[in-house]
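Input: structures, listed below.
In the two assemblies presented below, subunit A is common to both, partnered first by subunit B and then by subunit C.
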Partner chain A sequence: MSSALHPAAQLARLPGWVALLLWTAVVVLPLYVLVVSCFKTTAEIYINPMGLPASWSPTNFITAWHRANLGQNLVNSLIVTVGAVVVTLLVSAMAAYPLSRFRLRWGTAMLGLFLVGIMLPIRLASVELFTLMADLNLLDSLFGLVCVYVAIRIPFAIFIFANFMRVLPRELEEAARLDGANDLQILFGIILPVVMPAISIVAIFTAIAVWNDFFFPLIFIFDNNLKTVPLAITSFVGQFRTDWGMVFAALAISLAPVLAMYLVLARQIREGAGAGGVIT
Partner chain B sequence: MSKQRIAYERVAIGRHLTALLFVLPALLVYGLFVLYPLAVSLWGSVFEWRGLRQLGFSGLSNFIRLFAFPNGERLGGALWHNAAWFAGIMLFQNGLGLLFAYALFWSRKGAAFFQSVFFFPAVLSPVIVGALWRLLLAPNGAVEWMLNGLGLHEGRLTVLGDSSWALWILIAIDAWNWMGLPVLVFTAGLRQISYEVFEAARIDGAGQTRMLFTIAMPLLVPALSSVTTLSFINTFNQFDIVYVMQGVQGNPSFSTDTLVTYFYRLAFGAEGSVGITDIGLALALGTLLFLVLTVGTMLMLRGFERASVQP
Partner chain C sequence: MQRSHQLSAAVMLAPATGLLATFIILPMLLTIWLSFHSWSSQTGFETAQFIGLQNFFDLASSSSVGRDFKTALGNTAFYTVLSVAIILPLSVGLGLLVHQTIAPGGVVLRTILFSTYMVPMIAVSLVFSKLYSPTEGPLNQMLGWIGVPPQTWLSAPQTALVSIVLLNVWQQVGYFTVLAVAGLTQIPQSLFDAAKVDGANALQRFTSITLPLLGNTLLFSAVIAVINAVQVFEPVALITQGGPVNATNVLTYHIRRVGIERAQGGLGSAMAVTLMLALIVAITALFALARARSPRSA
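After this line comes the complex of A and B, so read on.
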């Protein structure tokens, strides 16, 4: 009833709408410039940065792809991300299960030990981490990166899993236990299927954090063939800073997989981020 | 039923063993790659170092060197930049984010669309965001073209090379990157407040602004708490955008230097013209930052807990 009866209230919302549309422009315009610049020469960008390109030629994409070794970088990022997500899901779900569902005297303390990790500034331990990685022969290794990412993401993952598992009814596993199922069967057959939202939150936000990370590849990866996308892009941008069209194209290529994921998962990402402000 | 279960758990000592086995993989990885390096780093800050070799116990001498000339100047600069960054993010990103969320709360149509658009930059790597904005803000770039076209500016745009501007530009880009997060958290928080509370206030003649400050804000304390602590942690870990846009020295003339870029130079050898590492100093800086972050986060969480009201 209210909206039709209160034109004054409608008018009061106008500044809000204007603000929202303005920020939309602030977000969209740079991305628009990014897209059109991919098809321009540097000279064309200088003359008219906002206009449509003279021709939609894919030259910049082709040269960027070849010069930057982006195919290899994308594969490296994919390996590290998938590896980190799978292992994080597995070990965190396993740890969260007894900590949230068994009545253990040490359960709360152990959970606390994991949860402080959410705020620990691990970058500041990178000197000792570097020494450790060198000792374990994990420098210049994608597996080494996976280990570090799993360790960093475990606190958040356990936090999410424990929150979802804690509220499940006891009867869920009682019956299975009486039927003689063991804890592994209960966890994977009964508990995990009903906490699918937790799995998707952990998987999505772990994937985003790992895919985007720049700091750890910067200090642990030296071999060009093992660089992940953010690291490769950084050196590429520094190296070819005058060839704008090509740099824009390289940025667009590295942005495309994330955009594709976002178009598919926008709703889950919105709900997950809104629920806890959960990205770190 | 429940009597059975309690009895079952009391007898089964094997239950503890099962639990331990389930926790062990996560504990090993987390302990080895997070807790152990962190503990050793804190411990190492009271020792003397030569290169990556730890020498004798040196008490607080690393910390004294950190605060003394010439390092004290760097430390002070970086601390101030991080503090300014946090203030800027609170005001520009989270303050504006709250207003956007409030506007979205009132006009539910299209809320999902705006949220999705606002949050999109947050799924991009800060490295990509920084590289993109460096191109946009460069002389001859799109921003210069727009500002000149609108008559707001004339000639070459050189804000990134200007030490009085650069830091604020980076803060604005960081806010552009993460604006979606406060918007999402605040709209989720607002939706938990019953609509009737606002209806009643409006019938009583309360305006939008008054409702925001007297009704929404007090009930949003949990959301404010998580957004503020997250911003605090992220701000004091700031590294990527500075590295990509201004280099690891925080150019021009250290005006965008942060604690983590300073730490990186000390630890991995890019401080000074010859690029010598100073591990002792790096670990002391790390310990200091660790204290700032943990104490700061805990004080904030406690403060917000005290401020929260029952809805």
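After this line comes the complex of A and C, so read on.
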């Protein structure tokens, strides 16, 4: 399309391209440093932070895997992430359906209440949440982590689901209702299959947020065998002598699945983020 | 029929409502309640002693408790305002540029731009702590190439908090650029064409069409950016521990220090409540500003 433009118009776009490329360089530099640091010794990271590593040996990855018990941490992160995604999808779809498609007198107020939930800064109440979790016997528990993550993600998920469900035609569920199907059957059999984009948006963004989170495991998890990947990695920082090569290798391991998913689903993820931002 | 509808709606809403109430709303309400109490966070809620507004008086006082709190509140405010003031214009600017690039390179650029959203804050913090190294750090080396003297970054109180803002900007701009692009695609091209016919230049088209019609997107972005910014924790906990000399001691970090390490739960709650009040004022102001500017709301 741009090749059809007049050369002068092409030239007018040059500053824009330069600005974009500059920002791209800003984005790429830290990622580059992260990647090359995975293959360096701590001394090399300090002496030669920008250059290519002396050798591309996987030593740091092997150390990270063995010393940091990263396998167990990956399993923990996976359990928490999958658990949070599945439960968030279930409870949010169930809540969004009546709020967006039933004629309820209190429906709008209730939806508004959930939307306000997006704005609650729960980290400010972390001391109270900790004591509450202790009372509920949910400290040092992956289940407890899942509960908190689901509660945090519910407002956003309901918002997305409600946006997608609201615009579906009314005829969609009427036939099934005449056949005597109940609301749950209609939700899972008829509504959810046609809002697959909403399901993938909620699943992807919940997964990223939960997989990457450091704050809540830091508060709730003390048992080494229950630590998630981000918490495990940070416990190797700030010790007497931090093995930075290993820390960066571990960070790369934790980043790999998210980045792989991103490269496959880049378009959907970007459009999903956009869908979350466009209030209609 | 109508009654059973209400009943099944209530049943379907129960799990989400229960989870939100238990793990978000209840702790927030407990925070408000405890802010009027003396409470050691090493004991249960039942040990709290009502002391009225004493916690708030302590925070307002010129004692060391009050001074540290005001520094932390000021740091959080500075961090929030500067983050939003950089992120919003930058994301709209990048959004405009990305939106206009239809060339194949545009897709690659979008993919790279948004990729920072995938990088966990702990990785961003640790990588930047290396980039910021004072003497021979990569950033100072690069500044040297263009003749700029080395900066102190995280090692001096004057620059530490700004350095943390910059790493936050790096991570967040991609996300907000995507929001801006989504908003821009909603603006009908015909409006721009009509304005062009009327002789409006690029700047006039931006201020009279793009900016007003981007209002909802900007409001949403501003609110989310503020909520994210006031909860900053990872870079402070991982690389500065609030230093040097309290320059990066933001409130989420300070509340945990006071509430957990010194076990003064009530005092920490009062700090959280003060910040929440400030947040309510800020967000109400943002909504009022958006409503006053919006061409569609009558």
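Just so we're on the same page, the second predicted complex is superposed on the first by the 257 of 280 C-alpha atoms of A that agree within 3 Å, B and C clash if a C-alpha of one lies under 4 Å from a C-alpha of the other, contacts with A are read in each partner's own complex, and residues count from 1 in each chain.
Methods note: a residue touches a chain if its C-beta (ideal position, glycine included) is under 8 Å from a C-beta of that chain, and two chains touch if they have at least 3 such contacts.
Note that this is a predicted model, so its numbers are computed, not measured.
Overlap between subunit B and subunit C is detected when the two structures are superposed via subunit A.
Of the two partner chains, neither subunit B nor subunit C is touched by A:S235.
Once the two complexes are laid over each other on the shared chain, residue contacts for A:R170 go to subunit B alone; subunit C is not touched. Once chain A of one complex is fitted onto chain A of the other, the partner contacts of A:T108 are absent, as it touches neither subunit B nor subunit C. When both complexes are overlaid on chain A, the residue A:S55 reaches neither subunit B nor subunit C. Of the two partner chains, neither subunit B nor subunit C is touched by A:N225. By the touch criterion stated above, A:L132 is placed in contact with subunit B and with subunit C alike. Within subunit A, the residues touched by subunit B in the first complex and by subunit C in the second are 2, 13, 16-17, 19-20, 23-24, 26-28, 30-31, 33-34, 37, 45-46, 49-50, 90-92, 94-95, 97-99, 102, 104, 107, 110, 114, 117, 119-129, 131-132, 147-148, 150-152, 154-155, 158, 183, 187, 208, 211-215, 218, 230, 233-234, 237, 244, 247-248, 251, 254-255, 258-259, 262, 266-267, 269-270, 273-277, 279.
Here subunit B touches subunit A in the complex through residues 1-2, 5, 9, 15-16, 18-19, 22-23, 25-27, 29-30, 32-38, 40-41, 44, 52, 96, 99-100, 102-104, 106-107, 112, 114-128, 131-136, 140-142, 145-146, 176, 179-182, 184-185, 187-188, 199, 202, 207-208, 223, 226-227, 229-230, 233-234, 236-237, 239-240, 243-244, 260, 263, 267-268, 279, 282-283, 285-287, 289-290, 293-294, 297, going by the rule given at the top.
If you check the complex, the residues on subunit A that touch subunit B are 2, 9, 12-13, 15-17, 19-20, 23-24, 26-28, 30-31, 33-34, 37, 45-46, 48-50, 90-92, 94-95, 97-99, 102-104, 107, 110, 114, 117, 119-129, 131-132, 147-148, 150-152, 154-155, 158, 170-171, 174, 183, 187, 208, 211-215, 218-219, 229-230, 233-234, 237, 244, 247-248, 251, 254-255, 258-259, 261-262, 266-267, 269-270, 273-277, 279-280.
Residue ranges of subunit A in contact with subunit C, taken from their complex: 1-2, 13, 16-17, 19-20, 23-24, 26-31, 33-34, 37, 45-47, 49-50, 90-92, 94-95, 97-99, 102, 104, 107, 110, 114, 117-132, 135, 147-148, 150-152, 154-155, 158, 182-184, 187, 208, 211-215, 218, 230, 233-234, 237-238, 244, 247-248, 251, 254-255, 258-259, 262-263, 266-267, 269-271, 273-279.
Within the complex formed with subunit A, the subunit C residues making contact are 5-6, 8-9, 12-13, 15-17, 19-20, 22-28, 30-31, 34, 41, 44-45, 93-94, 97-98, 100-103, 107, 109-124, 126-128, 130-131, 133, 136-138, 141, 170, 173-175, 178-179, 181-183, 185-186, 216-217, 220-221, 223-224, 227, 230-231, 233-234, 237-238, 251-252, 255-256, 259-260, 265, 268-269, 272, 275-276, 279, 283.
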